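So, here's a batch of structures to check.
In what comes next, chain A is part of two complexes: it sits with chain B in the first one and with chain C in the second one.
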Partner chain A sequence: MNKIRLLFFATLRERAGTKALDLEIPADMTVRGLKEKLAAEYPNLRESMKSVLITINREYAFDEAVIPPNAEMALFPPVSGG
Partner chain B sequence: MTLPELSHEEILRYSRHLLIPEVGLEGQRKLKASSVLVIGTGGLGSPVALYLAAAGVGRIGLVDYDVVDSSNLQRQVIHGTSTIGKLKVESARAKLLDLNPDIQVDVYNEPYTSENAMRIASDYDLIIDGTDNFPTRYLTNDVAVFLGKPNIYGSIFRFDGQVSVFYAKEGPCYRCLFPEPPPPGLVPSCAEGGVLGVLPGTIGTIQATEALKVLLGIGTPLIGKLLLYNALDMSFDFVTLKKNPNCRVCGPNADIKELIDYEEFCGVPGHDHGEEGSAGEGLDITAGELAERLKTNHLKLLDVREPHELEISALPGAVNIPLGQLAARLSELDSAEEMVVFCKGGTRSARALELLASAGFKKVKNLKGGINAWAREVDRSLPVY
Partner chain C sequence: MSENFPTIFSITEDEIDLNDLLAKITLTSTGAAAIFAGMVRGETKRGDAHQTEYLEYEAYIPMAEAKMKQVADEIRARWESIEGIAIVQRIGKLYPKTPTVLIACTAAHRDTGVFEAARYGIDRLKEIVPIWKKEVGPNGEEWVEGEYIPKAGE
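And now, the complex of A and B:
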């Protein structure tokens, strides 16, 4: 298992009910796997996982990326206002 | 291409630019030869257009089809109280030409759509995304990719802002980051959720800065980087972006080769008026109809706005369950009871109606235009907000 830290931004903070979350995940978990895990365990985040911007250590992470140990991951929602 | 000369008046006007070696006389002549298309003359478009005009960008195009409303003026500083009710593009053009009569301002008083976007944008060096909705953002992105032009992206909500320079020739595009739009109704617009008035000022001036850097060819533009700003924390976070190899418009196997129907793609309309919320045919009740019904019948009223909005205006006897809590609190409602759902403008209540319908509620209607329509048409003692 790997330890990781999730940081929630903007409206995702309200949905997650927290700014940050520490998790233990399997060593081979991908970003897609993490999205599925969050959607299953946090019903308030389920819809958001369909279009969330996720970074690993401040770099954009594609769904296929494997999450490294001690990753700091940030989750940003899309915003549309202008 | 030979660059245009500057008159003595222009040399004096741009003196503070000419003193910076990175701009100088040649840079200022480059700006004079440049053209920028600003999509939207709202919160972001206001500072962008004002600063680009002041900086001496020779030709500025403005696309908008709205009229100035007093609720715009808390942030849309290119307009004024004297131009309420006037076309936004005309209001903006007059302000820009007052600021700088040496530039040319082209106006397009029409929605930016798949039909006209390529024609309008092809005439400009650079595109600024100052729109207020997802369909027009995807459209603006795809047009920029197809035309090979830089797209200076900015987006805001409440206290948060994002900026990037999407230039598919050199880096990722908007779709690389957000391949799929969010489910309809998940991300509130500024008309529904509000925005700190100064926020588009911060984000728009950063967009204008990036536009000038790209036009002048100086510094390091935000290509391949996304700036994430939060006004409450006063935090500026930068994220490194990558081109998405599976991007459907700029990837090696792109399958979107021409503009599509963006409203269908996003499942929402390409504007953010927030005042015309309708649940669709047969599912709406107008404020006038509701007033008539309430004279003779008892009708349950469900207010799905946030609690702090009730301080602005409220309907007596209405039950308040904010939209975000509705799914979890359905047991508080009786699906057999006749009910009218409302919010500020009818958008959130239309979403609520979908949710209620899927939960088996059959006798519910949406108050078209929300409590604001009620305030306009039935009870003028209530404010419109």
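And now, the complex of A and C:
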């Protein structure tokens, strides 16, 4: 199992009800697998998983990416700065 | 050489100081600066007309600063003429007429792509830099969501 930290921002933070979550995940888990796990275990996040952006160690990551040990991940909606 | 050209990028809760930023990206060879500033619009007329009481910004600060640096690198790769670059986003609770973002590029002359470089900077910030805003108005609050989905390598 790998330890990872999830950070939530904007709508994802409000739906998760927290800014951060520490998880243990299987070593071969992909971004898609994590989305499925979150959708199953956190009903408030299920709807958000369809359009969420995900980063691993501060770079955008996509469904097939395997999550490395001690990853700092973030989940958030499309950005709206400016 | 671009290694000697100043690049400033930051997320701040403080007032954006244009004069200070401009001084930092002005070299003895600089003769032109293109500056884009965005501010909180209290009254929106285009599209869904509405009033805004304030915007509340948040950012994933370490990644946002890294992506601002990436935007600056992309600007330099496209316009070799660019000397200094400043990219600053203010976060927190911001009221109408308050400047929220500033992109400034400097160059020796105005006909070097400096306007386009600043335009590119604000467009890219709105695509890939992790910052969000919640809009609060007379009818309640709503998160503003962008439309851009970053691609691999962005």
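Everything below uses one rule, namely that the second predicted complex is superposed on the first by the 78 of 82 C-alpha atoms of A that agree within 3 Å, B and C clash if a C-alpha of one lies under 4 Å from a C-alpha of the other, contacts with A are read in each partner's own complex, and residues count from 1 in each chain.
As a working rule, contacts are C-beta pairs under 8 Å (C-beta built on N, C-alpha and C of every residue); 3 or more make two chains touch, one makes a residue touch a chain.
Just so it is clear, the model here is predicted, and its values are computed rather than measured.
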| item | value |
| --- | --- |
| Partner chain in contact with A:47 - chain B first, chain C second, else both or neither | first |
| Which of chain B and chain C A:68 touches, first, second, both or neither | neither |
| Which superposed partner A:17 touches (first chain B, second chain C, both, neither) | neither |
| First (chain B), second (chain C), both or neither touched by A:9 | both |
| Contacts of A:55 with chain B and chain C, given as first, second, both or neither | both |
| Chain B versus chain C as contact partner of A:80, first or second or both or neither | both |
| Overlap of chain C and chain B interfaces on chain A (superposed complexes) | 9-11, 53, 55, 58, 60, 62, 74, 76-82 |
| Complex contact set, residues of chain B against chain A | 40, 42-45, 129-134, 137, 154-158, 160-162, 172, 177-178, 180-183, 186-190, 193, 195, 200, 226, 228, 230, 237-242, 244, 272 |
| Contacting residues of chain A [partner chain C, same complex] | 7, 9-11, 53, 55, 58, 60, 62, 74, 76-82 |
| Interfacial residue positions of chain A with respect to chain B in the complex | 9-11, 47-48, 50-51, 53, 55, 58-60, 62, 74, 76-82 |
| Chain C - residues contacting chain A, complex | 38, 57-60, 62-64, 66, 89, 100-101, 122, 125-134, 143-152, 154 |
